[in-house]
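First chain A sits with chain B, and in the next complex the same chain sits with chain C.
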Partner chain A sequence: MATAELVGPPETREHGRLTHNARWAIGFGTAAVLIFVTYHWVLPSLNANINTFVNSWLPLSVVDECMVWMICALGLNIVVGFAGLLDLGYVAFWAIGGYTAGWLISGQFYNLKIDIFGSPAAGTPGIHINFWLVLVAAAILTALMGILIGAPTLRLKSDYLALVTLGFGEIIPQFFKNGDHLGTLSGSGGFDFTHGERGITPVDPITIGPWKLGPFDLDWQFAVFAAIAAFVIFVCLRLRVGRLGRAWLAIREDELAASMMGVPLMRTKLAAYAVGAVAGGLGGVAFAEHVGGVLPDSFDFSISITLLAMVVLGGMGNVWGVMIGALVLSWINANGLKQVGSTFNSTFGTSWDFPSYNYLMFGLILVLMMLFRREGLLPESRTKLLLREPSRTDVESVGADLEGESA
Partner chain B sequence: MAKPIKLAAALTGVALLAAACASTSSTGTGSTGGTGKTLVISTDLPLQGASKSASESTINAIKLYLDSIHYKAGPYTLVLKNYDDSTAAAGKWDAGACAANAQAHVANANEVAVMGTYNSGCAKIEVPVLEQAPGGGMLMVSHANTNPGLTKSWDPGEPDKYYPKGTRNYARVITTDDYQGSAAAQFAAKDLGVKKCYILNDNETYGQGVGKAFQDEATKQGITILGNQAWDAKQPNYKALFTSIKALGPDCIYIAGIFDNNGGQLVKDKVAVLGDNTAVKLIGPDGFTGYPDLDKLAEGQGMYLSFAGLSTSQLVAGGGAGAKLLTAYKAKYGSDPTTDYALYGVAAVQVIVKAIAGSDGTRAGVLKQVFGGAGITISATDSVLGKELIIDPKTGDVNAKDISILQLMNNQEGFLKAWPVS
Partner chain C sequence: MSDVMTEAAGGLMLSIEDMHVYYGNIAAVKGLSLTVNHGEIVTLIGSNGAGKSTTLRTISGLLKPKKGSITFLGRPINGVAGHEIVGRGICQSPEGRRIFPRMTVEENLDLGAFLRKDKDGIASDKERVLTLFPRLQERIAQKAGTMSGGEQQMLAVGRALIGRPKLLLLDEPSMGLAPVLVDLIFDTIATIREQGTTILLVEQNALAALRIADRAYVLESGSLKLSGKASDLAKDPEVVNAYLGG
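Here is the complex of A and B:
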């Protein structure tokens, strides 16, 4: 039965072998270093054809964007995959993280001049706080917002919860879009909090110690994003096997039973929202740095849906599965489909507009997944057991029907 | 059931891999010929969503022009490469795509200049990256960015914040929203005799900018501005909005924004509530030009439009290089370009070509041609816009400040009059 899987947490020390923690850290670290070394040293020394091939199929800017998606998908996985709370408005946290960066590392508040280990161009007004401190600020702010948004929604279940989160996901980007005239009802005057539809551009570059990353240090940007991702993975894996993670799983499987067993529903669910939101906030700051600014148009409903698709495709609840789902789908969205299309068209002499079939393909993938592999590409072992376990055999069904007739 | 699917998936994968190995070309298209160093110039336009046909027209016009000069600029051979700054998910330009394009422009070693972008917001992301390109920056010339802040003081910190190294690399061949809004306001006051006007904006950079310029000039011209409010593009209809406006008794509505933001519904509801466009005048900026859907809309007839430049029909009437190119365009593609910006795209490429011709073939050399010395001048006989174009080497702005007033009649945007502003 499924419960047998929970007897020992996966990080239990195994004699003569590395712990689970050490294994993932080495695996992820090796992959990240390999990518860094490839783009930093190996590719520049190879011939132009190989460089052109790699730069058209997997340019470093796309790798960096995929990392941002992955960080956010891991956060959504905590809410949806671990705690089983369907969240259709996760983009709100991504947006809040992005705007935290916009407020704290740009010239948005031009009548102030605050510089805390920041990296502004000489003489630039505004608030310029060090990137790493901004990450902490975004984490705190999004955690608070997660609790604030979560609190009134947690009395709701299933469809209703999804609808309310959807509402929040729509409201928050609208606030950013219209937040340039706060305190007035007319189209001018008031306090310019978000700079409206124009967004906040540009933001200061990332700093590593005394070193300021330039716009073309994408490999170092990748290293920073990989470090953020590693932190989020660490948090996910550790929480998953701890008391809180087990409480989330209990709520996901059966809320009523969990509450009867003494799991504090409200607190546990709020913790899921808060921790999930933190990852969204970190992803938001990373995204602002990646794009070089923050624009409200970037945060629409389709982002929430794409993130959800990443979680479902990868395997709800499984950190590694979600990572794979996020990397695959974000690559398809950013560059993959476009590149497949241009290659296909140039090979077969067609002129099909591949990127316009993006959502058709996402939909098809999801339908096929639901038909043939409901548990995702890399399913969580619990989910796999539950989904593969036949709930009632044919004979039992016939027996139950007969009983029903005779009753 | 599962086996055939797996087999099909595997076959598709192998086919794609084979195709990928066979051809590693990117989205580039172009033509080469002759000898000398080959340099790449690129376009950076939204190739998906509502602006798709406008972008394709622009690219086609540019290709025709480059054909006519045999893809040559001085001793250099040119290749045109097209970048897409939109995504299917967004259905329009996308910040992530713009950031990725900026990196790709710089990474492409032979690329020396970019023609674009179409949207000012996208330019604000790309310009700072291109300015910091190794070797002294990379030139961008836009045919359609009308937001003033990219080249002159507008919002706080603009335009200096787009040039972190303090060197200019961005020029444009079109005039800015402040002139367009002013011209529309002067036209409304002097020719239409409007007294009370209500402004609706789409809350975007462009809409707010052009709306603000209209409001400022209209007030100077003695028009009472009853309000300046944003319309929400996601609303199913705007009847309630226009009913509240009706109570104020306006004789003009100025819609500052782009047609893509549910402009069709807005125009329909304006007519439904306030009456047709002869009773209460409807005026829009160039964000409403070049859309066949609006041109054919019954409720749109009689609407006045301003265009920050000269319209295609004016350029044909004026004769010269522009008319010749448009004739060739019609002969090749069977119709006129769907946007008046297409010829401005060619004008931007003319600036780039002239800069390359006079340069040493490096990015810095090309940039120096535009922003060093006297800058770039395209003579009236060469210019596809039919008049001399001078790019100010200090700001990157163009000397020509032509505004055209158009009117939608018989399902066409007919040229009404030119409205030069100073």
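Here is the complex of A and C:
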């Protein structure tokens, strides 16, 4: 199946006006440019008070982290929102992406000396491949892993699928944690594949053309992450309207009926898994660059759950909704709760540790959402229909026929 | 060359020989044999649990027969995956309609043509379906789940037709419909056959089914009880007593 067949003709205008998607895309682009301009030029020229305020409420490093979460949430949305497959182990792909970066742009394999347009400090051994090529490598590797994990798993029905993906989400980070003495039983010697609990640090900086990003070029890092996010958004939107997107939708609605229409169930589900995994891999590489390396402990179950919460909060299946959900939750997680807490504490003279209540907050938000806005902040129109205007049951629709006649 | 032979009107299209289908340990179909010829309407009638729907599901590849063979256009299709069977030219309008409730009527129809690549052909077949069921034309942009049962049934039949099947399987198209709609659906089925599609129809409403069918098979607890010309069976005292409420 060629990609060209999967995407329909571009439809940015409808009756002379911009479509919903085009408006959002312009919005995203404008916001990204504004953020870059603000942090790069405007803020440094303003007075210190404003700078302190902005840097405590929305520091650039938090914005960058939010972009990573967004990229991954968009990937999970393909699996959960588009194809309706509940995946509780998505962190596995994030981790694989991160470790791809760890392997390919660090001194991890110190007896090799490979440099392909890389940016190593002079004389460093190891594999140093250009950041952009590593993105491609991570995309390929995660897609393959998605297929490998998906092939045995996707034959299962929903609840069992959730359980098995949960297992994979645990196994893969464990492998990274324990993969430092491969080939031995003694816990020493052997092949150091993942550097164990110490993780792989540091990774080389991102390069844009001949220019290396320094550790304080967070604004340029933002620009790179926003570009990756834009690519993922574009792919999501195009797949959505294409043949593959329709097949996903059909499977989500009614698997049996979809197969009766000739939709190949396994292949279509695997495609969702692979494409979703690619976004996770890209996010993983970005994350490794953001924190300067990979640590196995940063890939735990809570990440899968947080990503799922972002998808649900934003509106399952709606690309823009998921984007908003990811930005809101990742900001609360990274910085928002801390700031609200310190403001609250200094105002009321308390000393509560707000960030430690973050999962309580997430739980509360999700419960409130389920009570008052089950379809998410920005629902996909179909989900809204399901939750707000239930389909007629058989009995009801028979009644409707009879009504039609007597009228 | 053999295609020319089998495609000829009246030639053999589908043949099932000694088919056994099990749900776990329970035999749902025990040694059924039947044939469908080009251009026919063949109906399977029988009471609840007779194995009618099981037979259709097995032909569609959703179930695998434990024993026996299914041959379609000269090639065996038992054990072939469901979506490939659609590709071979068998489309089913399933029991309980199973339309995609959150998609519009048009999107449902488009999914019916999922395996087809000929845009013009799809467009003209969509035209044809909408002429057959003008109600669907009226509701083309409506979400399918909000339509009445009769309209949903029309959509299920239309969606199967748009795959341009050689053999159309219809599972209980009259289920849950008001009598006036049942007549409409059956008239339309007869029209579909006149336009050249072979039909295998499963029905509990034996009277209506026998009226439009050429031949019929009567199933009882998984086995064949009677078979013959529909017009003969409609007069058969045993059938009249058991299924036609005589």
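Here is the rule we go by: the second predicted complex is superposed on the first by the 367 of 407 C-alpha atoms of A that agree within 3 Å, B and C clash if a C-alpha of one lies under 4 Å from a C-alpha of the other, contacts with A are read in each partner's own complex, and residues count from 1 in each chain.
By definition in this document, a contact is a pair of C-beta atoms (placed from the backbone, for glycine too) under 8 Å apart; a residue touches a chain by one contact, two chains touch by 3 or more.
Because the structure is predicted, anything quoted here is derived from the model rather than measured.
Colleague: In the overlay, answer first, second, both or neither for which of chain B and chain C A:T30 touches.
Modeller: neither
Colleague: Under the stated touch criterion, which partner chain does A:P264 make contact with: chain B (first), chain C (second), both, or neither?
Modeller: Touch status of A:P264: second partner only.
Colleague: Touch check for A:Y110: first (chain B), second (chain C), both, or neither?
Modeller: Touch partner of A:Y110: chain B, not chain C.
Colleague: After lining up the shared chain so the two structures overlap, which partner does A:N178 touch, if you call chain B first and chain C second: first, second, both or neither?
Modeller: So A:N178 only meets chain B here.
Colleague: Please name the chain, chain B or chain C, that touches the greater number of residues in chain A.
Modeller: Comparing chain B with chain C, the partner touching more chain A residues is B.
Colleague: Once chain A of both complexes is superposed, is A:S158 in touch with chain B (first), chain C (second), both, or neither?
Modeller: After superposition on chain A, A:S158 lies in contact with neither partner.
Colleague: Please name which positions on chain B make contact with chain A in the complex.
Modeller: Listed in rising order, the residues of chain B that touch chain A are 2, 5, 16, 19-20, 22-27, 48, 84, 87-90, 92, 94-100, 102-104, 106-107, 121, 124-125, 128-129, 132-134, 155-157, 161-162, 164, 199, 201-205, 207-208, 211-212, 227-230.
Colleague: So in the complex, which bits of chain A are touching chain B?
Modeller: Against chain B, the touching part of chain A is residues 49, 52-53, 55-57, 59-62, 65, 107, 110, 121, 124-126, 177-178, 186-188, 195-199, 201-202, 214-216, 218, 287, 290-293, 295, 297-298, 300, 302, 306, 333-335, 337-340, 342-344, 346-348, 353, 355-359, 368, 372.
Colleague: Can you tell me which positions in chain C touch chain A when the two form their complex?
Modeller: Contact set of chain C toward chain A: 60, 62, 81-83, 86-87, 91-92, 94, 96, 98-103, 107, 110-112, 114-115, 143, 145-150, 152, 159-160, 163, 176-178, 180-181.
Colleague: Going by the contact rule at the top, pick out the chain A residues touching chain C in the complex.
Modeller: 243, 246-247, 249-250, 253-254, 256-265, 382-383, 385-386, 389, 391-392, 394, 397-398, 400-402, 404-405
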